[in-house]
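First subunit A sits with subunit B, and in the next complex the same chain sits with subunit C.
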Partner chain A sequence: MSDQYSTEPLLEMYLFETSQLLEQLEQSILSSEKESGYTEDAINEIFRIMHTIKGSSAMMLFDNIAKLAHSIEDLFFYIRKEKPEKMDLSALSDLVLEGVDFIKTEVDKIKGKSPADGNAEDLVTTSKTLLAELKQMNAVPDISLITPAPVAKSTAQTTAEDILETQHYYISQANTPVSNGTFAYKAVVHFEEGCEMENIRAYTIIHNLKETAGDLYYLPADIIDSDESVNIIRKDGFQIFITTDWDYRKMHDFLMQTIFLKDMELTSLENTSVLDQFKKKDTELVEKPIKMPTGKEVNVVEKSSRIPLQEKEALPTNTTQSIISVSVVKLDKLMDLVGEMVIAEAMVIQNPDLKGLQLSNFSKAANQLNKITSEIQDIVMSIRMVPLSATFIKMHRIVRDMCKKLDKDVQLEIIGEETEVDKNIIEHISDPLMHLVRNSVDHGIETTEERLEKGKPKSGTITLEAKNAGSDVLIIVRDDGKGLNKEKILKKAKENNLLFKNEEDMTDKEIYNLILLPGFSTKEKVTEFSGRGVGMDVVTKNIEAVGGTLSVDSVADKGTVITLKIPLTLAIIDGMNIKVGKSRYTIPTISIKESFRPKESEIIHDPDGNEMIMVRGECYAIRRLHDVYRVATNITRLSEGIIIMVEQDEKTVCVFADELLGQQQVVVKALPQYIQNFKKIRGLAGCTLLGDGSISLILDVARMFNH
Partner chain B sequence: MAENYSRLEVEEDTQKDRYLTFLIGEECYGFEIKHVTEIIGIQAITEIPELPEYVKGIINLRGKIIPVMDVRLRFKKETLIYNDRTCVIVVDVNDISIGFIVDQVAEVMSIPEEDIVDPPRVHKGMNNKYIKKIGKVGNSVKLLLDCEMLLTDQESEEVNEAV
Partner chain C sequence: MKRVLIVDDAAFMRMAIKNILVKHDFEVIDEAENGLVGLNKYKELRPDLVTMDITMPEMTGLEALKEIIAFDPNAKIVMVSAMGQEQMVMEAIRSGAKSFIVKPFKEDHVIQTLSKL
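Moving on to the complex of A and B:
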């Protein structure tokens, strides 16, 4: 149990880091493929990512992941080093992407607390075959340089060996001409207090010096192996004895670059006798930190091998260090608390005890408070906003895979990916969006031959566009494919009894929107990607779950446009508070067209007792809230209350309430699960707390029409 | 870790066999103390339409919105106007927070296991499916309620209503 506790944060970090790396990896593969060639940067990046994944997976004892990462790393190590001219690019991309998928599945398994037991043998073999082919193709004489990928090993200890093997890769001592050194120095380095891991930092210096050094010795000698060394370095400083070609100035500058350096003394040595002492004492010293006992704990090995890499990176990217990742749970909590604070503020400032008092100082202070809270609210909201780019970019992969499988030629164009949406919403739209893109590739875009016949450009285009529209975000999926077939849709709808009015009366748009109904799928053939009849209605449901809407438009042979309208945020809306009897309700301000007090003469009754009202020549139905929700109120005459005209999706209805209470920003809270379990309560979207601590129910305007 | 574990055990021990008892009319009922989060006075309840009568609505408990159920109405007793003795017992069962409105809270008492017996077999029309056990304390009897049943057994209820 205690084990579980201690590894939990580590595991979380691992999962987070790995999934981020995988995404990065996928990106660089796809962009490389687009440019039909791997740039040196891309190769380096892939190598580095694979290396990191390998290391951390081995540390967390996920051997299969480590193994796979290792074999791919080998492959890229070769490519990086030899820069082979002939490469089977697509096979390589396929392999890496498959590897990414494999690791992703494993990571998901780990997340779901089940053992990561996938078998990577096949992929490892493919990778090795590919490596062998590459070598053959480019016939490098010096094959012995490359460490052959070790065969499946299962224990942590042997994985540590793997790491050690790879360590040779970037400690390039052997490759650089080693000079005997014309100058000899003694340097004493002190690190800043509290910088931690002094021994690792010292090792970094040694590692960096190695390339130029002739002879190199240091005290304490066992910096990596012994924890005691940290204390010695803290107390006495880290002593280095070195012979090198560098002159004093260069040496000095080099050492001054050390991170967390407090002070450093560099003295030239007249003779090398000091060094000779060391030579006699322990000739192995230099090698020691590299060749470590393999039985050592993996994470220690890991540190020593990773730090040099990371430190190198850290130097140029220091400026981006100002970004940290925070768990969403904490943000949710913060959001809740800010909501609370806004309410508490209203409670204080509008306290009934203060009524009628002249408090000029108090109101000044209150104003100040008000400013600050609204600023905090804005900031917290903006923290939760995430650009859509990550979601959009994922689609590249889907389009690529499908094109390969279906033998189509499709370009994905992305516009406005910097548009920001609340984190919660992003999670909800990712799947629907994927579905839509798949649909477009599978059903929308024609095969290359068909396209040429129709005189269209050979490759189809799918455009993914996001833009802000007031308090909504529009996401548009557009393809230039064959468009929707009206007749087919109508036929299918008739078969499945989905028609709600006469065929002849339906507009094109209404016909197209039929495909959003449950149980509708036009594709005759079920393919791997779509056409199982649970397509668009699931998309619709998911989008509706976050308060969005979906609409379809299409022109035959020109293409199809699907527009998702999604609220910017779920958490806070502009609302109009209204009162009925003792209850309060909130209507989202965006759906309110106008409000007015009706005259009795404008009201029309039909024989069924329904009430309607004429406004500027148009007739609207009236819904009395007190009737709908059975609330006791004294105001039942329409001329005494107020009518609020609300509009949603081009439908309009008049809602009758007692009075308007005023407009304010409200924090949307879900109704308690227990209440929702009873049944879906008609026309309620949630609830919110008003300034005086009372609860107001938020009306879901769209559902009010279905009464 | 061992420390943690033992602390956990102690904590469980202090809650074991302890019940919060309350009155509804003449009867004394009890909840297992481990379910109870807090007891608050009655406060303004926001009604929600289209719910069974015994679910009175929702309340604002320091920013958390929780539903409240009138136990009196749940047991099909006549309504009583709320007074200053009326309390809401906030209970946490299976991650659902809910308030139970009761006439009056009595006390927290220990009822040792050996004094707890099964309720008598169900008679027709007798509404005791919510009573898990019966505790004997001196001469009196405490009806120990099954919180989960109170929450989950609404389907059959609704069927009855529909009939």
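Moving on to the complex of A and C:
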């Protein structure tokens, strides 16, 4: 990459935009494939995207990407222009998708600061072959010989022999004379090297001179539609013969204004005889009007005339200015600051110095502050929310590729993709989701023959659904495949010592959920797509890392349903603060069912000495926090403390603590690494700062008592 | 300081051009991501110079150029083109574009072109 463009933000923008365009391109191809044909819009879009990627990559000096994009652009330029009737759609889709994959890989390399050194030659060749085939398939013999597609021929490809062979000089007269011309000049103009498109630069001069010229001839004359003219101009310069009313000074100054002018020679001609010789040849004006298809222009006018003038001007400007892109780093920082602000607010309002004081004005102001901070917090949260659609849509490609390779027929249905979750969470669930979809196609859905035998519809269906459920989002991956095999799971679990209770005592659901345990995989054969030595346990781990949970359900021959429950956001939760001895803990309010002071008479002891409590006829285990975390406290009698009934993941436990401190919004902070890694303390989701400055540990009740 | 409007559908290109211009005493007053937005912004802001990409959705650079010239015949518009678009650049010059730059462009090419207008 040249220094000129190596500035970080530009590279970041390149990576961002290219990735975005690739996603768009992939979708465009997939939906075209589904509709078994490319619409005009799709072709235009693919062409434009490739054009953009080519341009940006060339600027960043990623030549392999630029070259590949260029060749695909050429292909679609042809399709766009010629609208060929016969096309090998599948080959075309394959090429573009492979191209997308190639560029994606390169982009990833660049992101990882490694050189983008992939070789796209094969793909470029495929693209060129495809273009040639396309031309051949759709050639109307006579016409195609006369008008080769303009893209195929660029200045760079014109060989030296070409130039020699076709190096004839044309002279032509420009527009109808405006003045008779009192002076005659000859000018030779040389352009700077590397300025590109010299013929059009020459044309620009002629175009601007036309107004003042009497007679105007130039050499080479076929500057408009000849590639050789570029080489002639580079070698010999661009010659102009003109009669005009302009004096030498004016003419000289005009030509000196030419952009990328290297040098220029202007000679006054004694008489116009030089020009006469051109006249004799009677060459006509070469300038052919190149018209845009008029239909397009009419369309635009029609469209605009329908909208009232004021609206027309206001509308597009508004829509574009209402959206800006912001770097995620800044949003993270903002989120952090809001978190700090929530803590600071609590520190002020719940300051121990204020205890017992009657401060009505202060309370009013504090309420106002509280209102504003929670509004800010809501807004900041909503800024970070991203719809799941992008993640979901990615799965189309995975299903398509796998179906092709495994020779299965699977439809992917997407429901509720507009559901939003925090940006950070999306990043964490993309991989697990991909894994689940792969599993469904590979292990779940049967082959077409098997399906027909079972009397099922020929093509399998995988449904990807997202919906809100309180402060969580449910993502459901459902397939109508063969379902999980209970016996196999049990057998495997036994082999690996994964059974935690008696086989007979286990519910179906418990058996199915065994597949989520580490070291479990029933597929004997490892395929390309799933079972790469990692199983569902990795999925579980990823989902748990963002505070989510996973559950499996299945019916033989009907299919499997995997449900992911993930929190909307990681950052701020409503929590109930409790006290045990000198320590503080926070329990997410959402999981608290009730809290009460137990009577001694309600307590039951089982033969192992475990404490239980009867509540409305149901029996619940009691866990004393001071025992679990070995905290010294004076309150050890159950009737003196408080019981908090917590429900999480369909398990209910009663937690015993000294007292409730109150409810507040808490900012979830990650536990320090050394606690996470070395101490392995169970059941902690993070920590937070309370209003009085003390640290409180946030409890993950379900995990605390899993064993 | 000349006021410039950048019209390009690629955010990367807009940034690349902007980065160059701001280093050389041009003021980039706004950006537009297609020809239609570009046209409206031209009418609203009356920039001294416009850089105009050719291949864009909604309204191409050529269409926008013609509309702008029809609105203001003295508009100074520089086309941002790529190799292979010669015919379109020619059409643009004929329709009133003052000059053009060719992608991938170099910093001094952009500056040379724009400062001569």
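Structural remarks
In the analysis below, the second predicted complex is superposed on the first by the 490 of 707 C-alpha atoms of A that agree within 3 Å, B and C clash if a C-alpha of one lies under 4 Å from a C-alpha of the other, contacts with A are read in each partner's own complex, and residues count from 1 in each chain.
In this section, a residue touches a chain if its C-beta (ideal position, glycine included) is under 8 Å from a C-beta of that chain, and two chains touch if they have at least 3 such contacts.
Remember, predicted model here, so these are calculated numbers, not experimental data.
Of the two partner chains placed by the overlay, only subunit C lies in contact with A:R48; subunit B stays clear of it. In the superposed model, A:K486 makes contact with neither subunit B nor subunit C. Within the superposed three-chain model, A:I695 lies in touch with subunit B and out of touch with subunit C [touch as defined at top].
For subunit A, the partner touching the most residues, choosing from subunit B and subunit C, is C. By the touch criterion defined above, A:E17 reaches subunit C but does not reach subunit B.
In the superposition on chain A, A:V631 makes contact with subunit B only, while subunit C stays out of contact range. Of the two partner chains, subunit B is the only one that A:G339 touches; subunit C does not reach it. In the superposition on chain A, contact of A:A58 is made with subunit C only, not with subunit B.
By the touch criterion stated above, A:Q257 is placed in contact with subunit C alone, subunit B being left untouched. Of the residues of subunit A, those at positions 5 touch subunit B in one of the two structures and subunit C in the other. Taken together, the subunit A residues at the contact with subunit B in this complex read 1-2, 5, 336, 339-340, 343, 583-584, 628-631, 669, 671-675, 677-679, 681-682, 684, 687, 689, 693-697.
On subunit A, the positions that touch subunit C within their shared complex are 4-5, 7, 9-10, 13-14, 16-18, 44-45, 47-48, 51-52, 54-56, 58-59, 61, 74, 77, 150-151, 154-156, 194-197, 199-200, 203-204, 207, 224-225, 257, 259-260, 290, 292, 296-297, 300, 312-313, 316-317, 320, 325. The part of subunit B that touches subunit A in the complex is made up of residues 1, 4-5, 44, 46-52, 55, 58-60, 62-63, 65-67, 96-98, 151, 154, 158. Only residues 9-13, 15-16, 19, 32-33, 36-37, 40-41, 43-44, 55-57, 59, 62-63, 66, 81-84, 86-87, 89-91, 93-94, 99-100, 102-107, 109, 112-113, 116 of subunit C touch subunit A when the two sit together in their complex.
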